[in-house]
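Dropping the structures in below, format is structure tokens.
Two complexes follow with chain A in common, the first pairing it with chain B and the second with chain C.
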Partner chain A sequence: MQPNIKTGITFGIIGGLLTFLFGGWSVAVIGCFMGIGLGLGFGGRIEKSTPFNMAKEASKPGFTAAGVLLIVSLIQNFVIQGLIGKSQAELNTFIFSNLIAFLGSAGLTCLVVSFGGYDKKKEQTYKLALLAAVVIAFPFVDNFTELRWTAQIIFALIFVILGLGLNIVVGYAGLLDLGYAAFFAIGAYTTGILSSPVHNTEWNFWLVIWIAAAMAGLWGLMLGAPTLPLRGDYLAIVTLGFGEIVPVLFKNLIDVTIKEPLTCWILPLFRIQTTCITFFEHADLTLGEKGISPIGRPYLPIIGEFESSKPITWYFLIVALILLSVFIINRLRDSRLGRAWMAIREDELAAAQMGIDPVKTKLAAFAMGAMFSGFAGAFYAAYIRGIFPSVFDFSASIIILCVVILGGIGNINGVIVGGLVLMTADRLFLPALKDFLTALLTHTVLPSISNPAVQAAVSANANPILYRFLLFGLTLVIMMAVRPEGLIPNAQVRAELHANEEKKG
Partner chain B sequence: MEITKKQFKFNWRRLLFSALVLYVVFLIGPIAGLDVPAIVANIQSNPSQLIQFLIIGISNGAIIAIIALGYTMVYGIIELINFAHGDVYMIGVFTSLTTLSLTGTLTSQDPVRIVLGLIFALVVSVVVCAVLNASIERLAYRRLRNAPRLAPLISAIGMSFIIENIGLIWAGQSWLVPLFGTTGGASQKSFPDMLGILVKLSGFNGGDVNLFASTPLFTQWRLTLNVKDLLVIVLAVSLMIGLYLFVQRTKLGKAMRATAQNRDAAKMLGIDIDWVITATFLIGGGLAGAAGLMAGLYNNTAWWFMGFRAGLQSFTAAVLGGIGNIQGAMLGGFLIGLLASFSDGYLNARWTNAWVFTVLVLILLFRPTGLLGENTTQKA
Partner chain C sequence: MLELKDVHTYYGNIHALKGISITVKDGEIVTLIGSNGAGKSTTLRTIQGLNRPRSGTVTLDGVSLEKMEAHKIAEFGVAQSPEGRMIFPRMTVMENLEMGAYVRKDLTSYKDDLEHVFSLFPRLKERINQKGGTLSGGEQQMLAMGRAMMAKPKILLLDEPSMGLAPLLVELIFDIIKKLNEEGTTILLVEQNALMALSIAHRGYVLQTGEIVLADDAKKLMKNEDVQKTYLGVE
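Then we have the complex of A and B:
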């Protein structure tokens, strides 16, 4: 079989499997995304020629993939839907969505590959334009097709910002931070405390988001200052502990009393009479497990107040925040500070000899990284309208780390792709797989099992959401073993990670 | 000699800094229950409680010390924080509970059978955890031995996550262990108080779990020293002595110490490094398995997330004692156990983990080498 056709079939099957789970209009959306993915993957592998010739070359895998997708979609609609006890799609919808999927996937493959035929500058512009079109069109298409993916994609994008922030710490400065969700929590709680009617302080979101970022950065400094002079693995465990404590802190800050110790009991011990200075007495800051809710929302002149029933406005807000973050991080990376981070990551001793202060530089990375999670926290708090301490536990930190590792340490594009892949897998794919499996089992296997205990055991364990930690854990272990540089590697990191192998060989 | 003089020189900056840290601890400490006047009043009104907390602290500290040994041994040899170690201990709790359930020990009325069942559960738990720990090393760490430092740490975190998920699934299998109930794997499960049942059935000490209940001293001070306290302490101390003798006296122990000192040199002298590392993981895992059964019997709970918390406390214990140092881990374990017990009793149980963590940061600030640790070279 020709390799082109093989690539096409692989992509078609991956797209088809997704269609299996979602059904309905999803085939059209998935088909278009598959086309772009195939185009990007295939485009880099063929020889450069004129755009038309390249498109012609790409049509083979493009149409193969589209064909496979069509077949899978037919099976899904006429066989699987019946098997899992759902009705088939309306003929009208079915024909339209499959037509769009077929033409869209094949056409977009050819289009993306044909960009490769232009010179470098034009190619970049065209690709960016296509990307912008997809990003802008996505929520409207989603709204029209009633897939309701936007709300989940917003979560994925929150984790993209978190990943970008952690990437500064882990990727650029090479410090393993295992408690990054703590800063996320600090950002969210700052927003909660400052803009919730619960505390009678309803500050404007556009102001609070900056305060939240500053607060998270400040805490980054406070935690980093004593711990950053330590060696790397001690730092990992201290941040792990910090990540464990901060949710406990927010859970328990319900009866805060702060008294100045000198005047209240130390001096009286020596029989010196003083008046006790009290800062807080029985103040309830975080409302414990109940969480802070509601929280104020952003307001813009033309759009009005952002509402949770309209995810499109939130979607564009988070996209804007990501663009801002990417811009800042890009500039930071190329600045003197950014180059100092990488120098420290490569060889701390050598960097110190060149006049870089390691502690100060690391501290800057820690604080900057924390700042971005403050942004994400503020957005999260306003979007959910309520914050609860359990959201920010240890697993959140590890999921953010997974995002960075999967995408590629030290690479902005990689982190964005990693965040989207991992979080859509977690938030869209696993629940859909769960529904699919449950429906499939109740209509096929379960009725044939007579023993009720076995039946209960099978149905309880056939829940993919139970295995999500396994998914993240395996991501980390397998990536470290097989491809430590991530899906989209940074050239420098890759060279560093494989340096030892070459030395050995 | 000059260096020692310099070390003991009085340092004003350091003193001021310490005073500042102390002040901050006392300033914000009351949020987490550190209300000094209240604590002093509490102790004055009921001084015998202090001894009771001491007993609880030593028993809990014994378990923490056993887990900490696993951290410190592995760190001593391959300089890696085995994040999955706490979760191996959690698997130990579940293995022993499942073994007890499958052998019918939980429902048995025969004291001899219960004793045999407990011994069998100890063996199974030790073997399962030892093999699990060694396979973690084989699967996740061995190929990363020469990789940059970050890589095995990340792999260890991933492994910890995987094992936690296994525990979560395990706790949901009510067909295997009926005791788990139908509430799903996420909730805390109860571990039956087998020692209490055993004492009642056998009529030992008149069926009373409190060993010295009839002694005037104990009744007057309202103290309890339970059978389980004694068993945990005896078992833990004998394990520690056994391990110490093993490391100091046997050939494999010598090979371990040699590998910890200088891996390349040990290799040149004909020591099979891979086997030594595997043996270290086996011993560490076996200790975690024993700690699992002990903790189950002592605290009477099994939870999929218990390994993470215990891991954090044990690691702090290992750092407090000086990481890589076996006696240090034992000392640190007991100290952390006491700290946790006093924090539970006098400060606020909800904040105990926060206090343990504060201690970790303070040690790292003032004495990163720990109480008994030597000054190791800083390899970033």
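Then we have the complex of A and C:
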């Protein structure tokens, strides 16, 4: 069988299985995404010719995939819905969603492949235009179809920014930072402290987000300065330490007294009478385990205050932040500093011989990376309206690192895809899978189990969210074995990892 | 002018340089010869600030280098084609050469300098987009030299540029060194191939277990009996 057709069938089945979890209109959205994905995948494999011929070439596997998706979706509606105790979709919804899924999937596959028939520049423009259309349309479609994915996608996008920031440190400068969530926490807490009614400091979000970024950057400098002369493994261990300390610090900043030393301690020593100037006395800055809540939200003239019930505004805010980050990071990478980072990553000693100051360069990477984390932290705090120290523990650092590794170390597009894939899996797929399994079990297996203890055990353990770290780990292990360079690799990393194979072949 | 005065360098307890003094005047090629482990590379590393002398002074144009950080020394005008080449393996030939020019503030002649490197090493031009790590040993050697040249240094330190090269290429490399010097580059050349080195150098030093045992004009050194016996293989 032709490999493209095989890929088409595989995608069709996977896409179809996803509709099991979400039901309703999801098949239409999944179909369209699948079409774009397949189009991008086939693009490189189909021989270059005119756009029309390429589209024609792609139509076979494209329609195969769409057909498979349709079949699985039919099974979903007529068999699975019954099994999990739900009624079938309304006829109208069912017909329209599947029609859109079928045509959208096949059509988009052909469309995206046909872009390859134009010259490089046009192809790029068309792809970007399609991407922009998808990004803009997504929340509206989501709203209309009542899938309610946007709120979760926003979390994924927060991790995209975090991944982009960490990518500067790990991908560009080659410094393994295992405590990156510390800067995320610093950004979030800065926001919490500066714009919460709890502290009577309701500063404007648009100001606070910059302060948070600056604060995280500053801490990056402070934590980096004593540690960055260290190399490799040592640095990783020290950053691990910081990652542990920072959340604990925030947990304990609940009784802070800051006095001006001169008037309070030094002058009294010489028996000079002064009034002691106190900045804070027994101030509870972070409210410990309880966390700071609520936290002020952004406000924009026409839109008004951003509300949790309207994720669309938040969605476009985070998309704007990502665009800004990508723009800045691209400029940075191509700058003199960017080249210095690459040189340091390759060989620190040789870089020094080229006249690059290793400590300063690494410090810049650390601080820049921290800054983006600060952005993400400020957005996060405002978005969920509260912050709790447990969010920023070691596992957060590891998840961000996973995003970078899964996507492709050193590649911006890779990190974006990595963040989206990993976090949508975590925030959308796993909960949906849990609901699906619970429903399936309650209507099939559970009633036939007579022993109540066993019944309870089965239903309690059939919760994939419990296994999330196992799944993260498994994904990484499989990735490293199958595709160590990540989903969308950096050319240099790929060259290095596959150097031997190329020589053989 | 580069001047080392009574330089002592240690690796832990190992006394690698035992009070050596060397001068390289502007426009000269000076060669440093000696057997394995004599301390030649250590001397170059000490000049470049990668090893610190425990005592003694290193000055370039009257500015003392011994406390300057390595990257500042590079900025000040010392470039090295080091032992083991130390090119950036995942960067292309072009990117490696670009890194060489990193220290330069004035990039007006950048294009010409690049062309100059390519005219000396046409092999590099053919492989402009190849990753440094995948070049052959000899090509890497050329790249290391080209990269050092791109810095337009006050003094160029070359550590065994002929190592691992085919005999024909060895001659080519020495021709290039000579040409570079004629164009005005001051060079301190470390070599195992004493005959070749002495034949292009103005002056030479013989280093033995961390001490300078001979220092003279290159021509005279070539005629010296000890040198002939030990380093030139003349019976």
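General remarks:
Heads up, the rule we're going with is that the second predicted complex is superposed on the first by the 467 of 505 C-alpha atoms of A that agree within 3 Å, B and C clash if a C-alpha of one lies under 4 Å from a C-alpha of the other, contacts with A are read in each partner's own complex, and residues count from 1 in each chain.
In the analysis below, a contact is a pair of C-beta atoms (placed from the backbone, for glycine too) under 8 Å apart; a residue touches a chain by one contact, two chains touch by 3 or more.
Just so you know, these numbers come straight off a predicted model, no measurement behind them.
In the superposition on chain A, contact of A:Ala453 is made with chain B only, not with chain C. When chain A is checked against chain B and against chain C, the one touching more of its residues turns out to be B.
In the superposed pair of complexes, A:Glu123 makes contact with neither chain B nor chain C. By the document's definition of touching, of the two partners only chain B reaches A:Ile237; chain C does not.
Of the two partner chains placed by superposition, only chain C is touched by A:Ala352; chain B is not. Of the two partner chains placed around the shared chain by superposition, chain C is the only one that A:Ala343 touches, whereas chain B remains out of contact.
Counting contacts by the rule stated earlier, residues 349, 496 of chain A appear in both its interface with chain B and its interface with chain C. Those residues of chain C that touch chain A in the complex are listed here as 48, 50, 69-72, 74-75, 79-80, 82, 86-91, 95, 98-100, 102-103, 131, 133-134, 147, 151. Chain A contributes residues 170, 174, 176, 178, 226-227, 230-234, 236-238, 240-242, 244-245, 248-249, 251-253, 256-262, 264-266, 348-349, 394-395, 398, 401, 405, 453-454, 456-457, 460-461, 466-470, 472-477, 480-481, 484, 496-497, 500, 504 to its touches with chain B in the complex. The part of chain A that touches chain C in the complex is made up of residues 336, 339-340, 342-343, 346-347, 349-358, 492-493, 495-496, 499.
Every residue of chain B that touches chain A in the complex is listed here, in rising order: 23, 26-28, 30-32, 36-37, 79-81, 83, 139-140, 143-144, 146-155, 157-166, 168-169, 172-175, 182, 184-185, 308-309, 312, 315-316, 319, 348, 350-351, 353-354, 356-357, 360-361, 364-365, 368, 378-380.
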